[in-house]
Amino acid sequence: MSKYQELKRTCYEANMELPAQGLVIFTFGNVSAVDRQEGVFAIKPSGVDYAVLRPEDIVIVDFDCQVVEGTMRPSSDTKTHAFLYREWSEIGGISHTHATYSVAWAQAQQDIPIFGTTHADYLTSDIPCAPPMGDELIKGNYEHMTGQQIVDCFTEKGLSYQEVEMVLLGNHGPFTWGKTAAKSVFNSKLLEELARMAYLTLQINPDAPRLKEALIKKHWERKHGKDAYYGQN
Amino acid sequence: MSKYQELKRTCYEANMELPAQGLVIFTFGNVSAVDRQEGVFAIKPSGVDYAVLRPEDIVIVDFDCQVVEGTMRPSSDTKTHAFLYREWSEIGGISHTHATYSVAWAQAQQDIPIFGTTHADYLTSDIPCAPPMGDELIKGNYEHMTGQQIVDCFTEKGLSYQEVEMVLLGNHGPFTWGKTAAKSVFNSKLLEELARMAYLTLQINPDAPRLKEALIKKHWERKHGKDAYYGQN
Amino acid sequence: MSKYQELKRTCYEANMELPAQGLVIFTFGNVSAVDRQEGVFAIKPSGVDYAVLRPEDIVIVDFDCQVVEGTMRPSSDTKTHAFLYREWSEIGGISHTHATYSVAWAQAQQDIPIFGTTHADYLTSDIPCAPPMGDELIKGNYEHMTGQQIVDCFTEKGLSYQEVEMVLLGNHGPFTWGKTAAKSVFNSKLLEELARMAYLTLQINPDAPRLKEALIKKHWERKHGKDAYYGQN
Amino acid sequence: MSKYQELKRTCYEANMELPAQGLVIFTFGNVSAVDRQEGVFAIKPSGVDYAVLRPEDIVIVDFDCQVVEGTMRPSSDTKTHAFLYREWSEIGGISHTHATYSVAWAQAQQDIPIFGTTHADYLTSDIPCAPPMGDELIKGNYEHMTGQQIVDCFTEKGLSYQEVEMVLLGNHGPFTWGKTAAKSVFNSKLLEELARMAYLTLQINPDAPRLKEALIKKHWERKHGKDAYYGQN
């Protein structure tokens, strides 16, 4: 029995949440789950339909994207996942979808403004949209540079990947992450709902104001601050 | 056996209607049910996912928000519920959601105009959107002041809480209430549908007129007036 | 056993199609089915939730709206149904809904333009929106005058009720009809889909042209003309 | 036992995917599957509701639209299918739907711009919208000329039917095709999702730029180029 069986199961179940939550159709998207002690991560095989995906199809690769276990080719986005795991030491899972409203904002090449407390309950800034990659980089090691593109976007905007667990790639779609693979899927669903709410808000009022700082701070702190009183912990 | 068992069951079932009606995802929202004779109300515990919520998880608190029965922490919005129960003596249940179209109007900071008879069948005024709270109040007893904010909004606009059983909090989302917890959930669903219809109406015709007074009066009276002939009572 | 049992069953099943097709929530809407030989029609009781509606709850009334059989109060819209059955001798069923996109067009007080062949496969004109009733009429026999309002709209626009089996009432919502109750429900669903397509069309292109006459004629005739070749009859 | 039994089954299952994927209601749409060795294709019978469609109802016709096997009348669009099978020798199946967002773009008479990588993963050009047919042609052999209209559109725009497996007919709706009937249904679903994403993109940003050439090329080549690395083959 593979020593990666539990990791594969975790990765499989997180992947299957994407179609269950209405975030992907066909073969779109992928989720990975990392085991930092073993120096590997599990990821969806490339181009496999969720309707036929099985736990044993999940591929185990190391941080150089070499296959450690599995007979299938890993997701074509594997290099992006590997880049983020190497750069950001505290994340345990990564999700990528082509969810409709998230993609629409990415195609519009606009950050999603923080319009309300639904947003502020989870993050205190606009959801960043990274500009499309330069032509030279696209021709090169594309999926590797996609990871670089995400990290550069966070550096330029002065964002913390531990506070903002999501990004839109211009003209492409969302990547989200978290302490676990399941949390990264949660963030994909959250992002899609925030994208939909912000879209509707601007349709009703194109001049809708951003949420004021006092409310951003309040909602974040009651849930994540040192005197947080939301939830059971 | 707890003397609050039936109250907990009522509260539990009303809470479970929120995801069943598509009004919340994750842990969003909460419903409470009051027992005025006992001077307590039952409310959803804070941050618990509907998928795992059980009747015995419901928390019983008094009107000062002290836990009377239950091992979990009550909703972070408990003080808002308590405020409304104290101020408005005829309500039996309160619901709070982050339903998409309701939140979009709240984020747009606009009242929902009364555009048609679907709206007038239930209330005769626009659905009020309370302006965001002042910064000083936010830093203080926030959830208590949220209740104050709702009551102030009704006072300023001259609205009766028994005729208008719903409000939008600017940048936040909807609170609804009614004679029972189930009725407050009904009102959350109704509000979401009216929010969606009004949104579409303005997309088709930005100059759509408000419903004329004669029709507002007629539809309200045939359902709620002294010679009402709608329904079986 | 009631001699109206089959009529009640037909009416019940047509009513239950409204929530099944996503056209109503709560107690919204109603369907009736006529028996012209007996001079009666069956209709939904007023204010009863579809979730608890039973075939035996259906009310039988004559064309003067007198209850012939049944213990419940008939729909508050019964007089509108009666008016249409009296005026239009060839219709066998009538549906009324508060379906979202249909209501949005009614609230926008605009006819739904004929933009494509989906529309022309079923009717050759825009879907008419009757203007809101005058104040004096509203105060009088409102539901009776609603029937008059529909017939007047068709007379003024020179429409045939046998060719155009649907109308929007300004600020209210749709009424549809047909040779049977089931056909009237079909028309409610068709109208909702045409309303949604037309809404999206104008969002994409505010100057979208109406379908040209040659295509209107072709699609109508291949399905309903004397040399029709659509379908199995 | 009919020698076309397997062909009928293939055609039946592809047709049933249309309502399962939410692409049609009622009797809308049709799918065909070709057997080029036998010189015939299987197609949905005209005007039959998907709820009652059976495999044995599927009609077998030759490329001149003569019925070879079956007791029902074939789809009224049969001549369009036959035209495309004769002109384009490499296609194995054709789908036609009235899916909502696809129809909205067709009614808006606009090509769907290539806005993102979801689009570029499958085709490198805008999705073409053929202009409505001239009045003289409509009066003649309409469904035959619809096939001509599609082929002319591809010729004028310099498109390859093997690279672009979909088209919108102005004021009508989408036709899609592929190596198999199942692939043509996949393309109908893909088109509907791209239509929805592009619609939302323009609502958020009316000046949203087309995807840049370097990204179009990259996404196409990683999936379909000679060094493709997407998928398992």
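Observations, loosely collected:
Letters A, B, C and D mark the chains in the order given here, with residues in each chain numbered from 1 onward.
In this section, contacts are C-beta pairs under 8 Å (C-beta built on N, C-alpha and C of every residue); 3 or more make two chains touch, one makes a residue touch a chain.
Here is each chain with its UniProt name: A, B, C, D = L-ribulose-5-phosphate 4-epimerase.
Everything numeric in this text was worked out from a predicted model, so none of it was measured.
The distance from the centre of chain A to the centre of chain C, each centre being the mean of the chain's C-alpha atoms, comes to 47 Å. Taking each chain's centre as the mean of its C-alpha atoms, chain A lies 33 Å from chain B. Each of the following residues of chain D touches two or more other chains: 203.
Chain contacts in this assembly form a single closed ring in which each chain touches exactly two others. Touching pairs of chains, sorted by label, consist of A-B, A-D, B-C, C-D.
Against chain B, in their complex, chain C makes its touches with residues 25-28, 45-48, 72-73, 76, 98, 100-101, 103-110, 132-133, 135, 138-139, 142, 171-173, 199, 202-203. Chain D contributes residues 115-118, 186, 189-190, 193, 196-198, 200-201, 203-205, 208-209, 211-212, 214-215, 218, 222-223, 229-232 to its touches with chain A in the complex.
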